[in-house]
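Got some structures for you, see below.
The following pair of complexes shares a single chain, chain A, combined with chain B in the former and chain C in the latter.
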Partner chain A sequence: MKLLEIKNLTLSFQYPNKEVIALDDFSLTIAAGERIGLVGESGAGKSLAIFSILKLLKPPCKIKSGSIRFCGREITTMNETELNRLRGDKITMIFQNPLGSLNPVLTVGTHLIETARAHSSLSYKEAYDLACSRLNDVKITRVHERMRAYPNEFSGGMRQRIVIACALMTNPQLMLIDEPTTALDVTIQAEIMELIYNLSVEKKCAFILVSHDLGLVSQLTERVLVLYAGQIVEANATRQIIRYPHHPYTKGLIECLPEFQRTKKQLKVIPGRMPGLDEWPVGCRFHPRCDFAKNDCKEKMPAVTRLKKAVSAPVSNVKRTSSLNTPVAPYVKCFYPLNEKKP
Partner chain B sequence: MKERTFFEVARNDYQFLITASILILWLGGAFLAPWLVPQNPYDLTSFDILDSELPPAWIEGGTRQFLFGTDPQGRDILSTVFYGMRLSLIISISAVMIQLMLGTFLGLMAGYLGGRWDSFIMRTADVQLSLSTLMLTIITLAIIKNFFAQEVYDRLAIYMIIMVIGVAEWPQYARVVRSGVLVEREKEYVAAARVVGVSPRIILFKHIFPNLISPLLVIATVQVANAIISEAALSFLGLGMPPTQPSLGLLISRGFEYIFSGAWWITFIPSFFLVVLIVTINILGGWFEDYFNPKLYK
Partner chain C sequence: MVVLSFFLKRSYQFIIVMLVISFIGFSIQDALGDPIHQLVGESVGLAEREKLREKLGLNDPFLTQYVRFVKNALTGDLGTSYFFKKPVMAVILDRFPATLELTLAASFIVIFLSIPLGIYCAVYPKHVLARTIMTFSIIGISMPVFLTGILLIYIFPVQLGLLYSFGRGETLMLFGFWETNFLTQDGLLHIILPAISLASIMLPLFIRLIRGRMVEVLSEEYIHFAKARGLTKNRILYVHAFRNTLIPIVSVAGVQFATMIAYTILTETVFQWPGMGFMFIEAVTHSDIPLIVAYLVFVGFVFMVTNTVVDILYLMIDPTVQLVKQKF
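Now for the complex of A and B:
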C-alpha cells in the first residue's frame, strides 16, 4: 500500500514582483515501512520538500501545484485543525538541531507527555508510563530522574535521543528526518543513526531521511532520490545507485565520498557550486558543472528516462534487512545517462 | 553542569541579602501594621490633638511614646507611615498586577495574531506611550473626581487609582511580550511543537510564554516602584487617597506645609521610608535582571 504519495509538487517563493520556483515537479511514493533517502547539496530543496509534507512552509514559500496524499487523504487542502491531528500522530519529524528543538523551560517529561496526550485520551499516568518506555527504547537510563530534567542538562546526543523518543510517542507511520546528525559528532552520529534504523524496523515505521551525506543515506535506506536544483535527477534502489549511478551528478557525489573509493587517490570534487534559486540555467540544470555535457544539454531540459529494472547486485556495505520491491521504477533525468548498458 | 538554584546564588550575594532584608522589614512592617504599631491612625478616638507636632523621640521635647514624633492632628508618625506604606504597597502591587495581565495579554495577542491586530494594539500602545503616565493619570482622575460626590469618591479612590495606574502602564509590558513572542516563535522548538501537533494556543501559552517570564518579572519589580511614585505624586497633587486614609504621598504632601515652621519630621520621615522602599525595590529589580540574564551573571 502507498503510505505517502507526492505527485508533481511545485513549491515557489512568491515575492511581490517575482516568483521563484524552489522545487520543481517533485514526485515521490513511499510504501509502509520503507526507508527512503533524499540527497542533495544545500539549497537543493530537500528540506522544503519534507516541510511541505506537514505543510510547515513559511510564507513567502507556497505550494504552487501538485498533490500530497497520505494514506489516500489529500494534505494540501487540509485546514490547521486536521493538520494538527495528523502532525505528530501519523507523521512526525526529527529536526536537524537537537539543541533548538526542545523548549528550554519545559522538562523532558512535559515534552513527551504533551505529544502523547495531544493525540490520544491517555491519562497522565498512562502517558507518563508510555514516555518512560519510549525513553528506554532510545537507550536512556534512569528514566524517572530524566523525566524531571530540563533539556539543558543533557548533551547533544542525549537530546537527539529525547527528540526521537518524542517522535515515537504516538507510533507514527512515517518519520521525516531532517539531517538528524549534522549537529552531532561522528561517533554519536553512528549511534543515533543505528538507533533510528533499529526503531524504524522494530516499529515498522517508514522514514524519509534528508541528508547531504550519500554515505550515511546508503547505510540506512532502500531507495535514494537525488535532488539537484529543485529537481529529482535520479531515483533508484540504494545499492543500484551506489554501484551504477546513472546521472553525472550522482556519480560526482559518490566520487566525493572516501568510503566508496578503492584507490587512495585524491578525492574528486564537483566543480562549481549549485546555482541559486533565481539563476537556474536553461537546459539541463546540471550542465554547467557536468563533464559529459553536450550541446542539447544546454538547450533543452532532459526528460525523465525510465531505467531498466536493474539486476540485484549485492553491495557489501549496504545494510539490508528486507527486500522490498521498489514501488516506483527507477529513473534518471539526463540525456546521456551513464552506466546504461552495464547492468 | 547543574545550575545553581536561586537560594544558593542569593545566599552568597551581600547586595541581595541587604536589600532583600530591608525590603522584607519594610513590607513586614507595612502589612503587619495593624498589629505592630502603637496607634490606629484611621481611628479618630485613638489620638489627641494635644499631642500635635511633637518631635521625634531623640530630639529634645520628644517622648518615648511617639518614636518619630506626631503630626498636626496629633497622630503618631510611625503609625501613619506604616499604615500609609501599606496603602501605597497595596495600590502599587494591585496596579502592577493589572498592568501585567493587560500588557501580557495584549502583547501575546499582538505577537500571535500579527497583521492588523498587531498594528492596532501596538499603535495604541505607541500613542499611549507618547503621553506621559502622570499626565494621563492626572487627567483621568481629575475627570473621575468631578463625576462623583466627595464621599463617594473617597470611598472609591483606592480602586480608581489602582485602575488608572494599572491601565496607564500596560504598553511597557506589551512591547516586551510582543517582541519576545516574535523572537521565540521562530525558534526551532516551536516548529518542533507544531510538528508533534500541539495546537497554536497551547504553543503560545505553554511553550512561548514561559520563556518570557523572566523579563516580565524584572519589569514588574521596577514597575512596583514606579507605581508607588505615581501614587505618591497623585496623592501629593490631591488626586489620590482621601485625607482620612493617608498614603505615603499624602503624608509627604501634608507635612510639606509645616517644613518651614520647624516641624521637618512630618514630611521627612515618610519621605525617608518612601525613598528607601523605592531604592531597595529598584536594586532588587536590577539584581533579578542580572540573575535571569546568564550573560551578565558571573
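Now for the complex of A and C:
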C-alpha cells in the first residue's frame, strides 16, 4: 500500500521580480513501514523536499505544482486545520539541530505532553504516563526527574532523544528525519541512528531519512533517492545503488565514502561544487562536474531512464522511457548510465 | 550558596547606590541655599541666627554633617519640610499612594495594550493596522508628555465633556493611611486621563520592543518544530513564542516602571494630581530644600527596590539562567 505518494512536485521561491525553481519534478513513493533515504550535497533541496510534505515551507518558498498524497488524501490543498491534524500526529518530524528544536523556557514534559494532547483527548495524567514511557523507549532513565527539567540541562544527544520521543508520542506512520545527527558528536551519531532505526522497526513506522552521508543512509534504509540540484538523479534499492551506481554523481558519492577507499591514500572528492539555485546549467545539471559528459549532455536535459529491477541486466536491457511521469521503479536521469558492471 | 551570593551582591550594590544618591542629595542641599534663611526669614538678627546655626549643627565639618544625615535617614528622618512644617517623610508618604496608583494604572494600560498590539504587529507585519500602529508608535515616542496631557484635556473634558482633568476625585481610605482611587467610580474616572498621558511615553516603546523581540523569536527553530508537531497557532504564539519574548522585556519593564515615577512630575503637574511629583514642583517653587532632597533619595530608593524585585522575578521566570545548574 502506498503511504505517501509525491508526484511531479515543483517548489519555487517567488520573488517580486522573478521566480527561482528549487525542487524540480520531484516524485517519491513510500509504502507503510518502508525506510527510504534522500541523499545529496548541501543545498540540493533535501530539506525543502521533506518540509513541503507537511506544507511547512517558509515564504517565499511555495509549492508551484504537483501533488502530495498521504493515505490517498491530497495534502497540497489542505487548509491549516487539516494540516495541523496531520502534523505531529500521523507524520512527525525530527530536525537537524536538536539544540534549537526544544523551547528553552518549557520543560521536557511540556513538550511531550502538549504534542500528545494536541492530537488526542488524553487527560494530563494519561499524557504524562505516555510521555514517561516514550522517554523509556528512547533510553532515557530517571524519567520523572527529566520530565521536570529544561532543555538546557541536557546534552545534544539527550536532546535529540527527547525530540525523537516527541516524534513518537502519537504512533506516527511516517517520520521525516532531517540529518538527525549532523549537529552531534561522532560518537553519539551511531547510537542515535540505531535508536531511530530500532524504534521504526518496533513501531512499524516508515521514515524518510535525509542526509548527505550515503554511508549512513545505506545502513538504515531499503531504498535510496539521490538528489542533485533539485532533481532526483537516481533511485534504487539501497543494496543495488551501493554496488551498481548508474549515475556518475552517485558513483562519485560512493567513491567518497571512506569504507570504499581503503586502497587509496587520498580521499576522493567530486571536483567542483553543486551549482546554486539560480546557476543551474542547461542540459544535464551535473555535466560541468561529470567525467562522462559528452556533447549532448551540455545541450539537453537527460530524461528519466527506467532500470529493470534486476539491475545486473546488461546494457541492452535497460529500457528507455522518456515520458515516464511517475517513476516508482528504479530509475536514473542520465544519458550514459554506468551499468556495465556485472554481479 | 548561589542564592546567598546573589543576595549579598545585590545588597552590596543597593547600599552603594543609596549612599551615592544620598551624598548627591546632601551636597545639593548645601548648594541650594542657606537653610537658616528659609527657616526664620529676614526678621531675626545675626547673633540669633548663629546660635540656631550652631544648634542645628550647620557649623560642623561637611563629612560629620553627612554622616549625621545618613544616620537620620536610616531611621526614616530626612528632615523637616520648611513649607509644610512637618517631617518630610510624612509629607512624601502622604503623597506616595497617589503617585504609585497613577503609575500602576499607567503600567496596567501599557501592559494590556503593548502585549496584544506588539504581538499583532509581529505576526501580521504587512497588515494595514500593524503599519498604522507602528507609525503611531513613532509619533508617540517623540511626543512630549505634557503635550499629550494637554491634548487629552482639550479633547475629553473640554470638547466632549467626558472624564476629568483635575485632581483625584473621590477616594476611599484603606487601612487608615492609603487613599485609593481604584475603589470608587469617581476615582476611576479621574485617574483615566492622567494614566493615559503617563502611559503614552512607555506604550510606543513597549509595542516596538515586544514586536521586535517577537519577530526574532518567531523565526527560531523551536517555533518551526512546534508547528511541525501540529500545535495550534494560539499555543505557539502565547505559550511558545510569547514566553520567550517576555523574559528580556521584564528587565526593561522594571527600569521603565521606575522611570515612569520620575515622569509623574510632568503628568501630575498637568492634571493637578496630588502626588509626589506635584509635591516636588511645589517644593521647588517654595525652595523647600529638605523636601527636594528627600524626594530624590526616596525616588532613588524606589528605583532600587523595583530593580531588585525585577531581578528576582527574572531569575524565577527564566529557566536558562538557573541559580543552581545541573546537567544530565
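By our rule, the second predicted complex is superposed on the first by the 321 of 343 C-alpha atoms of A that agree within 3 Å, B and C clash if a C-alpha of one lies under 4 Å from a C-alpha of the other, contacts with A are read in each partner's own complex, and residues count from 1 in each chain.
Just so we're on the same page, a residue touches a chain if its C-beta (ideal position, glycine included) is under 8 Å from a C-beta of that chain, and two chains touch if they have at least 3 such contacts.
Everything numeric in this text was worked out from a predicted model, so none of it was measured.
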- Message: Once chain A of both complexes is superposed, is A:R146 in touch with chain B (first), chain C (second), both, or neither?
- Response: second
- Task: Have a look at where A:C71 lands relative to chain B and chain C in the superposition and call it first, second, both or neither.
- Result: neither
- Message: Is A:M158 touching anything from chain B or chain C once the two structures are fitted on A? First, second, both or neither.
- Response: second
- Message: Is A:A190 touching anything from chain B or chain C once the two structures are fitted on A? First, second, both or neither.
- Response: neither
- Query: Touching A:T92 in the superposition: chain B (first), chain C (second), both, neither?
  - Reply: both
- Message: Contact-wise, after the overlay, does A:N84 reach chain B, chain C, both or neither (first, second, both, neither)?
- Response: both
- Message: Under the stated touch criterion, which partner chain does A:C256 make contact with: chain B (first), chain C (second), both, or neither?
- Response: neither
- Query: Which chain A residues lie in the overlap of the chain B contact set and the chain C contact set?
  - Reply: 54, 56, 80, 83-89, 92-93, 95, 97, 100-106, 114-115, 118-119, 152-153, 163, 166
- Query: Any idea which chain B residues touch chain A in the complex?
  - Reply: 2-3, 187-189, 191-200, 202, 206-207, 210-211
- Message: Could you list, by residue number, the parts of chain A that touch chain B in their complex?
- Response: 54, 56, 80, 83-89, 92-93, 95, 97, 100-106, 114-115, 118-119, 152-153, 163, 166-167, 169
- Note on the structure: As the complex stands, chain C meets chain A at residues 220-222, 224-233, 235, 239-240, 243-244, 247, 317-320, 322, 325-328
- Touch list for chain A against partner chain C, complex: 54, 56, 58, 80, 83-89, 92-93, 95, 97, 100-107, 114-115, 118-119, 146, 149-150, 152-155, 158, 163, 166
